Amino acid sequence: AYITKDGKVIIPGASSFNGLNLVPQMGWDNWNAFGCSINETLVLNTAQKMVDFGLRDLGYNYVVLDDCWSEGRNSSGYLVPNQKTFPHGMKYVADKVHDLNMKFGMYSSAGIYTCGKYPGSLGYEQKDADVWASWGVDYLKYDNCYNQGQSGTPKLSFDRYNVMSQALNKTGRKILYSLCNWGDDNPFDWAYTISNSYRMSGDIYDSFDRPDSRCPCTEAIGCSWPGFHCSVMNILNKMAAIQSRSQPGAFNDMDMLEVGNGGQSDDEYKVHFSMWAMNSSPLLMGTNVLTLTPANLAIYSNPAVIALNQDPSGSVGIRKWRTITKDGGEIALWTREMNNSDTVIALINAANSTMTLTATAADIFLDQSTAGSFAPAPELSESWDVYDLWGNRMSNDEAATVLNGTAPTIEATSNSTTRYNATALSYADGLNANNTALLGTKVGTMAPHGSWSAKLDRHSIGLFRLRQASNNSKRKRDEL
Amino acid sequence: AYITKDGKVIIPGASSFNGLNLVPQMGWDNWNAFGCSINETLVLNTAQKMVDFGLRDLGYNYVVLDDCWSEGRNSSGYLVPNQKTFPHGMKYVADKVHDLNMKFGMYSSAGIYTCGKYPGSLGYEQKDADVWASWGVDYLKYDNCYNQGQSGTPKLSFDRYNVMSQALNKTGRKILYSLCNWGDDNPFDWAYTISNSYRMSGDIYDSFDRPDSRCPCTEAIGCSWPGFHCSVMNILNKMAAIQSRSQPGAFNDMDMLEVGNGGQSDDEYKVHFSMWAMNSSPLLMGTNVLTLTPANLAIYSNPAVIALNQDPSGSVGIRKWRTITKDGGEIALWTREMNNSDTVIALINAANSTMTLTATAADIFLDQSTAGSFAPAPELSESWDVYDLWGNRMSNDEAATVLNGTAPTIEATSNSTTRYNATALSYADGLNANNTALLGTKVGTMAPHGSWSAKLDRHSIGLFRLRQASNNSKRKRDEL
Amino acid sequence: AYITKDGKVIIPGASSFNGLNLVPQMGWDNWNAFGCSINETLVLNTAQKMVDFGLRDLGYNYVVLDDCWSEGRNSSGYLVPNQKTFPHGMKYVADKVHDLNMKFGMYSSAGIYTCGKYPGSLGYEQKDADVWASWGVDYLKYDNCYNQGQSGTPKLSFDRYNVMSQALNKTGRKILYSLCNWGDDNPFDWAYTISNSYRMSGDIYDSFDRPDSRCPCTEAIGCSWPGFHCSVMNILNKMAAIQSRSQPGAFNDMDMLEVGNGGQSDDEYKVHFSMWAMNSSPLLMGTNVLTLTPANLAIYSNPAVIALNQDPSGSVGIRKWRTITKDGGEIALWTREMNNSDTVIALINAANSTMTLTATAADIFLDQSTAGSFAPAPELSESWDVYDLWGNRMSNDEAATVLNGTAPTIEATSNSTTRYNATALSYADGLNANNTALLGTKVGTMAPHGSWSAKLDRHSIGLFRLRQASNNSKRKRDEL
Amino acid sequence: AYITKDGKVIIPGASSFNGLNLVPQMGWDNWNAFGCSINETLVLNTAQKMVDFGLRDLGYNYVVLDDCWSEGRNSSGYLVPNQKTFPHGMKYVADKVHDLNMKFGMYSSAGIYTCGKYPGSLGYEQKDADVWASWGVDYLKYDNCYNQGQSGTPKLSFDRYNVMSQALNKTGRKILYSLCNWGDDNPFDWAYTISNSYRMSGDIYDSFDRPDSRCPCTEAIGCSWPGFHCSVMNILNKMAAIQSRSQPGAFNDMDMLEVGNGGQSDDEYKVHFSMWAMNSSPLLMGTNVLTLTPANLAIYSNPAVIALNQDPSGSVGIRKWRTITKDGGEIALWTREMNNSDTVIALINAANSTMTLTATAADIFLDQSTAGSFAPAPELSESWDVYDLWGNRMSNDEAATVLNGTAPTIEATSNSTTRYNATALSYADGLNANNTALLGTKVGTMAPHGSWSAKLDRHSIGLFRLRQASNNSKRKRDEL
């Protein structure tokens, strides 16, 4: 950290342009499940259920209303909500959401229309920011449709999105700014100084790995046509190259979660949820909360995986290797360094049969070994306790009790290994306290210079937290 | 739909910048067959034959005069038609075309010259728009030659083409704006707010699938040199990625039709015509109407295929899969959702021997299954009646009677299965009425969770309309 | 042709921005052979030898002095020639060249330095154009070094080069403008309205087909780093895609010829010379004329090949097919339509052993067959007499007499089959008169729907002119 | 050379925008080994050891302090050093460094923050240049982080970096300008007129050839996402295409050296050091000098390799061939022409087993043979003495005496074959005098039209200087 002459404390790598979102935002967005079929009741009922199911207290506290909420502009040029679907107006909705100790998000596009061809904000940025602030909006998802050709160089995109960034700041209200230009013009190279998260791919769809003509790029870099219908594995692999400027306050956004929408297996949804968490992506539930199944609740509610996502480091996953398998699938190792010097590793079997995958210490601690340390990386010669982050997944029976309201309330003092209340005890504090719900199940130890293997079914993940077996303090080094 | 405060009704996804072209334009353009060998007689004779052959009443109502019509500018800077080839001037031609209840289109380029090096409109946009409006022009094809380097970013291209868009609007006359920049700078990402259709590839030539050095790109995205001499299959495959913003009022233009020009087999022309229709491309006859053969008339006149193109949905074809075959050819499945909840499927055999191709319900209804529905797609568990859209193709004998003027007139009350009069009964109304000419021949039923197969000759297509076997109402969902 | 209201006759496709260079320029440039080792004597001696050897009268009439001629700017900002190497100044040199009925060319760069780091013209365009005009300069080669980052979009390059184009025109002197930006930003898409020729690749080097790390692109399109050390085959293949706007007055420039510099075999130099001629590239001798061998003179002096290059059509070669051979080489067929309805075909064996290559009528006349003719191409059903354009190559013995000054003078009335005087009888007139020196040797006839084969050694070419066997007039059609 | 009218002597290819850096800069930068863990003591102790170990007198005379030295701006907007880590301020540090006859370098970024998120210089260029000049700074490394989207075309990057170039010049102090934009927008095409060196790749890491997802490009050209974690071989191969404008005063910068950091074998570090030297890259030690091992000192201190780097020609390495081996590795030949007409060749075995590699005269002298010489290259018919540039590497025993201070001092008159003092006798003078320490060991002779072979272990290099066996003067030719 450094202190400016006027006394402002700056923590390099740990701030954001507006002070918000030092860990990735969590919440719900209606788009993936409902599209334009939205109304006040859906929003408020969903918010209530998120409280009831413990989701709010797990961190899912933004309720985001996506496209199709407007009916035009009034004679003063201000946006007006659809009177049929939002009969009490948006301030009413925001107030109700706030009454639940949640936050309210809305949507617009940096174009003349939204993607659904409702009025867009291009040229109306301050007016729109002002009206949202007046309603009590806490979050803006800002899309890229109908942008009148104002893209093609980073400068054109930066300048266009910066107008809204400044407009939001000028309202005086703290509004999380979720930039959504699908990766056009490499936002991972410029969006972090003007936004809190930035989409890096075309839209997700509910498929694990199916290629789709409409999502033509396999790399985020230099993709001039992001498209949509991008699979989980397509988006995940795009992340491997572009993480270097992700930081507390400004994260690559892999798009909303599809868990619960029916297009993937339970194992596949676990890969999806794990890797979004691993990469510090925002975690926005994209399904119908009102009809959530126990199995899907158990995925969304895994505290050990959420704690990975909400780690104060704001660090990112690193793909150490990826191999295309002979059956046309792939396997990979991702790792991530945590704030408390733990390391999380993800072994992914996206091939088409059961395989045993192995992570070696050399691969896991590659960055330590090649960081110009002029000495062997001490991590290599240590023993590591290994915790399975899915080891304490809530059973479907227990999840059913949560859904039907018969489960006990979770307090800060809870010793549940399957449920967690981050409102009562933050993830940072819980991790400091070695809260068992955040660690998963201890499944073994990795020896010095050793390796860790996991037998994994087709399309499944092994997600492990490695913690020093001894209490020796670990070398800590800023990597900028 | 939403209503602006001043009472304007906006139908998201169903409007255009000037209100025109909610379904793709149809008509004739002289270029492919005649190039610069044009004159008044050719235009007017062709228009008359289009009426006589029932083509106008099938929807081919624009008569478009392409390049090489001008002899320069007069001292006031207005364009002057060639006095030898258009001795009565262009207003005369337009009036004659209007007398036939057809519309008249003309051509220019957003450069200092046209492609034929006649005067271009760059810098003369308003003068040229004004003179066209004064002549009664209803349509402008606006090319990209000699543009003085004003391309290379979407913004440069958008701005240049927008000048003419605004000039046309300012004339007060409704003029369909056909933007023709061959896909430079991704017009599928910006042209829809300023034009009614936009070319997405270099020029077509009369070949089914021959690669040509002069058409170097195989993808439309990021192609900085569209070239020309692009085959039917080259253009078709470029479409698979870029359809997402096609919409009523603004369509990707795959270029003029080559049916009748002699370079392809009857089967190949059927693929060509079918897939242009399937993808909501403009359908502009590009051949010599005066010498049309019965077989080619039968292709151009197939009401069931035209109804696919003119569907009020303005939806697009989606390539669900494409496989390169061992003989160096390819096979593919395309599908399209229709306004009335039917689905059309196209199985294409572009390989070099007869093959049986199969479309599964899972592929056909993929979008319904992955649309965040949080429930199985109901389409999967339904039965579907299957209609062959080429099943009622007019016989050559019947087509000959049309060409020689001995065929009966087609009225709205006609029960012909092979011919249709859309002037008397619109395609939308005809589809609502289950007009048999628009459905083709019923050839079977696809069972729930089943599939549909067709044995297809080399370079041929199977084009089928699937309709729910029961009367159960089908789920309908806006996809934006 | 069309006539503007003020009486100006415009021939579409047959003019240029300054009226010059309706066929490709020919001449000599010192760079390839001498680099910066230049002086007055070299220039004037070379010019004299070009007259003596009949090269001027074959059309090589531009004597171009390349980089390194300047010693800076004077106090008024005008360029000053090096006083040691050009002791009498440049007007003296130009006058001497003009006395030989030849034209004088010079060099600069659209940057702050030339490539040799002498003063460049960026920011001095009018001053430099004025001083060149005052010296009597007829030709400017304008390079791209040290351009201060003013490239990266067509607009940036166009605007920079256009400043000099306008400066040259403003001098009032007719100066051929040879734009040399190595293909950056696709000049084949914009340079034709401001220049007479435009380089489309990095610099050539004296190698037939060796790949070189310093010439990284294999396509001209979108090549952001043209480099140098590009081989003959590299440059040739880059041409296949980019010819569409080449036209009388503005040609793609494949760079100066290497014939005579020692790095290639006689057969390879024949491929090189033939294909530069075929593609309407400027023909600038890039060797030491003073030490020319008989064999190399015979290549440079082949009237039948030069007549191909200087055809009034200004048309271009079209690569009909290219096949990579198993030995890592390649074979190809190129064709070109001539002004008098002849067709020239080039069969290239760039593989590593002798092969018999075949051109079919279907390939040769592909464009006629697919041009929307709505009728079979008549060319297919005709017989064609075949002339070998290298059949009458001057023997080394005869070439030696030309070099030693004992050969007879060539007049317009000459019936030599090996030598030609285009000053006395233009190529256009000679072709109209069926001058035998321009036709090569008749070697056979291609039957209707037939083909033409040639057995070709490794790295050699078969270059043939096809002429209708009967006197039937051939269909002629503008292709724009 | 040429002389401007006002008497200024310009040596084409041998100057720079500010007169500095006619041979590549050498020195030390803390980043690779220490990152942000910096302070006054580290800097000054390192400088002292560089003197003590003879490194300064070998040419390593710049001591560069990288990121994280600032604590913000004062109320006048000037940067302020961190008071804890640099308690005496920066002028103190610079003075101390100057007292050792060394030069002092600092770091900033052409963005709103440095990469470590300290204040950047974008918008503060003159203020920052002024304060650095006031402290006595001699060198600026200017990074690319947080540039607010001001990239994407050469012009945007050029203009942004040019502001600092002019600001540095305006201070009146001579400050070496090390441009560090990682190759964005092809700086090898524009940076040489405004800077003294320019990074051409994403950051190096201490690995010989491991691919890393975070360094996605394999070519420097058109790489829109340079990334970091680029291996030695990755960076080396990127150099092959982009060297054409490297010149005395402005060099491609391959990034700081990793020798000594532990991630590579001794053989691999020799390849790394040799090829950085071969390509005229700046040589900045990137390790902990205080803990240097004898083996690593011996690499950094090889005078024969440094003399290659510091050759007055400022010429570059040329990759004559590269072959991917079956084991997934690669082999290559690089060559470089020296100022004194010697040629250096590098045979690289980056495959995975011992191989004998051969360089033929035809490959070595390719450029001479294809330079338009219209005569055989004389180099081909000469004999060449071959010197192994690693033949006289200092033994570890001798290196240990240097490190422990017991080695003798090296004077200009030294006849050591292993150590050198360039302060006493410049490399240019030493080469002229055939100083044995600069030549390595003679290991044989290459016959006319012959070849040179070396048996090389896995991941090792053969680096040889070829010198004409006779005293015949060698043809010398400017290649521009």
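Some observations on this one:
So that you can tell them apart, the chains are marked A, B, C and D in the order they are listed, and the count of residues begins at 1 in each.
Just so it is clear, contacts are C-beta pairs under 8 Å (C-beta built on N, C-alpha and C of every residue); 3 or more make two chains touch, one makes a residue touch a chain.
Just so it is clear, the structure is predicted and the values come from calculations on it, not from any experiment.
Hopping across touching chains, the smallest step count from chain B to chain D is 2. Touching chain A and chain D together: no chain. Of all the chains, the one whose CA centre sits at the greatest distance from that of chain D is B. Taking CA atoms, the transformation carrying chain B onto chain C includes a rotation by 90°, reported to the nearest 5. Annotation: the chain A:chain B pair of sequence copies touches via predominantly different residues, less than half of the used numbers being shared.
Mean C-alpha position of chain C lies 42 Å from that of chain D. Chain A and chain C have Cα centroids lying 59 Å from one another. In chain B, 153 are the positions where the chain touches two or more neighbouring chains simultaneously. The touch graph of the protein chains shown is a ring with every node of degree two.
Counting only pairs that meet the touch rule, the chains in contact are A-B, A-D, B-C, C-D. Those residues of chain D lying in contact with chain A across their complex are 31-37, 67-68, 70-75, 80, 82, 112-113, 115-118, 145-153, 156, 205-207, 213-214, 216, 224-225, 227-229, 258, 260-263, 286-288, 291.
Contact residues on chain A toward chain D in their complex (touch as defined above): 2-6, 8, 10, 12-13, 15, 153-155, 157-159, 185-186, 189-190, 192-193, 219, 221-222, 240-245, 247, 318-319, 322, 369-376, 477-480.
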